[in-house]
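Data block below; observations after.
When the chains are written out, they are named A, B, C, D, E and F in that same order, and each has its own residue count from 1.
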């Protein structure tokens, strides 16, 4: 079995232009390694910049969903989409953000039935409806989210993060993107 | 029946900050109207900027697929995803780019069986495989594209455009985005 | 790309026996062209006669659904079935019957979520339930139609038209039936 | 549990107009009972006449498929569509036509894997492709049928019978049509 | 067409070790023949013993569901799973247990819509939910069963029998298991 | 959120009859804890005994598939079935048996595309075909396995383990079975 990171050319941090080297370098320093998604997108600089911008606009935004809730959306929809990279990488982040070493595996294995509180359930149900059968997404899905107390702004966050990872998942499927080994162990110890 | 453009707040061109007003204003001037997708994303400025950047990085890129072929990917996957806005809006653009008043309706109605030349068929097959059942996307899909003569760079284009519109389609489903009336008639007369 | 009308032999109007030439000739005169479905069925005279009879029994019947509503059933189920010929041909008729140049494209692209008034929604929901997963069709579907005010007679019309086009769609898929070019532009101008 | 024949009004043989009473009377005499499909369609005379004409045009036609093969198409597609009336009624006819008391139950339970000779398998595969996912039906399906020796005329028969029973199945689902008790036992004894 | 009982080696009653020969011999004596499932599992003695034990633990257990209700679960889920052997063999047993010569064919053809009393409907709905889309099985399914009056113990029976036949069905699909001819006629005469 | 192990009564090791206490006690001693599946089945003693027997007959059998390969079948099909308990518990065992801390997460997230050697791929493909669409399982699936070098005996093992976990997965879905916390960390460190 190969250890290839991607089916397409891979770019190392030091070969990126200054702006991207600085930006991704900061992530790599914080994580201790360069997440493979950046190495796999590095041969397309404009796409990599737009990807980072879109990601930060939704995942680092002030207000709205908590950071753990945003990762919950990512892990639930990536589990439903069977996206290995996103399940492993964002599963690690969710473990850390939610301070729960078991949650990610349970969400990824079965997002439809994983036990969550009412708000968490409403977030995941909304995300799954849009991720899985977008043609059927309708007012009923929004009404259920509103009844669980989500604001319009939070509903947008759930929907837009789901949409962003519909894209990310497909980029990972396109490239057969390999998760960095470090992700598997992150956040597994209860702290 | 309502004529609402979106389920969420809509922003008019003149209420956007300078950079976006200039950028989208140029599109509006060329089209003769402001496509509703920009009005629907205008309440989230960072997301709108990233969306435009990602779109241009893939749809305006030099080399690789022709512009008509890029729109073919969009219309085929949006048809498979039952995304009304993208079918109508990009159907109009495809009619113009391909100089064919019938192609868009046929691609959108049934992308799996629409008659195309070998290269067109390979592009659409690759796009549909990634759009519809990404978990099953694999080497066989890539090999079929290569056998039809697509380069690695063109394969990336098809895959990345498919991924981008997996996101765009879901944003349109989230917002129940209404196509501008102008799109329906564009490019319908043979020239 | 070929311009073939059908995968099977095609019969011209003048080569049909008298009764069919008169009957289809009247349609051709009114439309300005002979719809390709008749040319494609013309090599099987008994089937063509029965097809015309069944079509007229349901689509020209006095009382019950309006003519626009009947076409709504056709376009919605043909869209769900990805039947290019029926989407294009009956989309044209629906535009004319409903005096709405946008409705057909929106119904065909996404019949599940297209915005309709309550009665229209009930008609389309009933049709889609029977078209798409007939094994699950049950009392709940009928009750929903009744609650929206449909009579038993109207419910039959919706169901029987859906059934007829489950057949027509498959005949069009069997033959790879090409829509006449004239259909694409019919009814696109607001009058 | 009710013994209702249909969810809609039922018409008895003696209440039909002369032409239909004669025509269906002949069937009833031969079978020993009036098949419920005729009683259920009897409140719509024009539809019943067209139904009988279409049925006879395909099922009684000279040449092409054998009568047992035509019933094989009906039972296979009705099994895939979970249509109880057609499985039970045409299962009885297939037992008689094929002189095989086990074939119908095996075809109806699993048409995809039932053991058949090469020609039978090709007929059923073609029928299932068109019945189940018509949007994907294409040249490959026709080529497989041709390779197994089916003529263009026989391919049309398979396709058109599949299409007719896509309609019939949905009429039976619409009406919750109850099979006559007589069908269950017909042809069950080896002769 | 072959008359093979299984794709794998078949073991005759007289070639089984004493305990199994006695146990299955008793079944064979009662039925008048050795059901093929035992001949097909006979080359794996430990598996055959465990299969018999599991079957008896659920199907012969005192209390809870009636014996006809247990067979109803088997026929409904085997129909949904398109398992020919289980549909034919357990269809025969259900006819006998329910003293109804028509019920099995109707349940197997369309378990979702077959007319049943409220308790029967609740049993079949619960079984189908677990059989068909287990990942979505949840509290709502249990609540519906409880509302129809099923006890916790009966709910377990329905669920565990469904699970057992998810296994049995797949063993029959693995082996292309042929139903014994005797099953087809058992219980078909009203008594 | 509750910490319930099962929706149904749970039985502790010390409350089991002697034979089961000894048998499961040995597992508990080896693992360091009592896997929850045994606590959840403990209220049905005959079923628990048959479950253990069936499990051991297939998972502890001499010859045929390696122990790691058997767990590969379990994790792949449980991933496809979205069964949280089996993914987490057998994922732990697979990590240990395969001496690979990453394999389980990758198999469970996407069994269809996880990179495996040719034999591993053939095993997983065979298992997924039977697990996911058993009605379509046929000679082609067996031929592919044979071409990859699997013996008839190994093919049976793959099929029968897949069948057993079609049952186990549904028991876990029925009970909403909670994985023991210990499983999440087992085998995660490379040794």
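One rule holds in what follows: contacts are C-beta pairs under 8 Å (C-beta built on N, C-alpha and C of every residue); 3 or more make two chains touch, one makes a residue touch a chain.
Computed from a prediction, not measured in an experiment: that's the story for all the values here.
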| item | value |
| --- | --- |
| Chains in simultaneous contact with subunit B and subunit C | A, D |
| Shortest path length from subunit D to subunit E (each step joins two touching chains) | 1 |
| Same vs different contact residues, subunit A with subunit B, by half of numbers used | same |
| Inter-centroid spacing, subunit F versus subunit C (mean Cα positions, whole Å) | 50 |
| Distance from subunit F to subunit D - Cα centre to Cα centre, in angstrom | 43 |
| Set of subunit A residues in contact with two or more other chains | 82-83, 110, 112-113, 135, 137-138, 173, 176 |
| Chain contact graph, described as a line, ring, star, complete graph or other shape | other |
| Chains that touch, pairwise | A-B, A-C, A-E, A-F, B-C, B-D, B-F, C-D, C-E, D-E, D-F, E-F |
| Subunit C residues touching subunit B - in the complex, by the definition given at the top | 1-2, 79, 82-84, 87-88, 101-102, 105-106, 108-110, 112-117, 173, 176, 179, 181, 184-185, 188-189 |
| Touching residues (chain side subunit F, partner subunit D) in the complex | 135-138 |
| Touching residues (chain side subunit E, partner subunit F) in the complex | 7-8, 44, 46-47, 49-51, 53-54, 56-58, 61, 81-83, 130-131, 134-135, 137-138, 142, 152, 156, 159-160, 162-164, 166-171, 173-174, 176 |
| Subunit A - residues contacting subunit E, complex | 110, 112-113 |
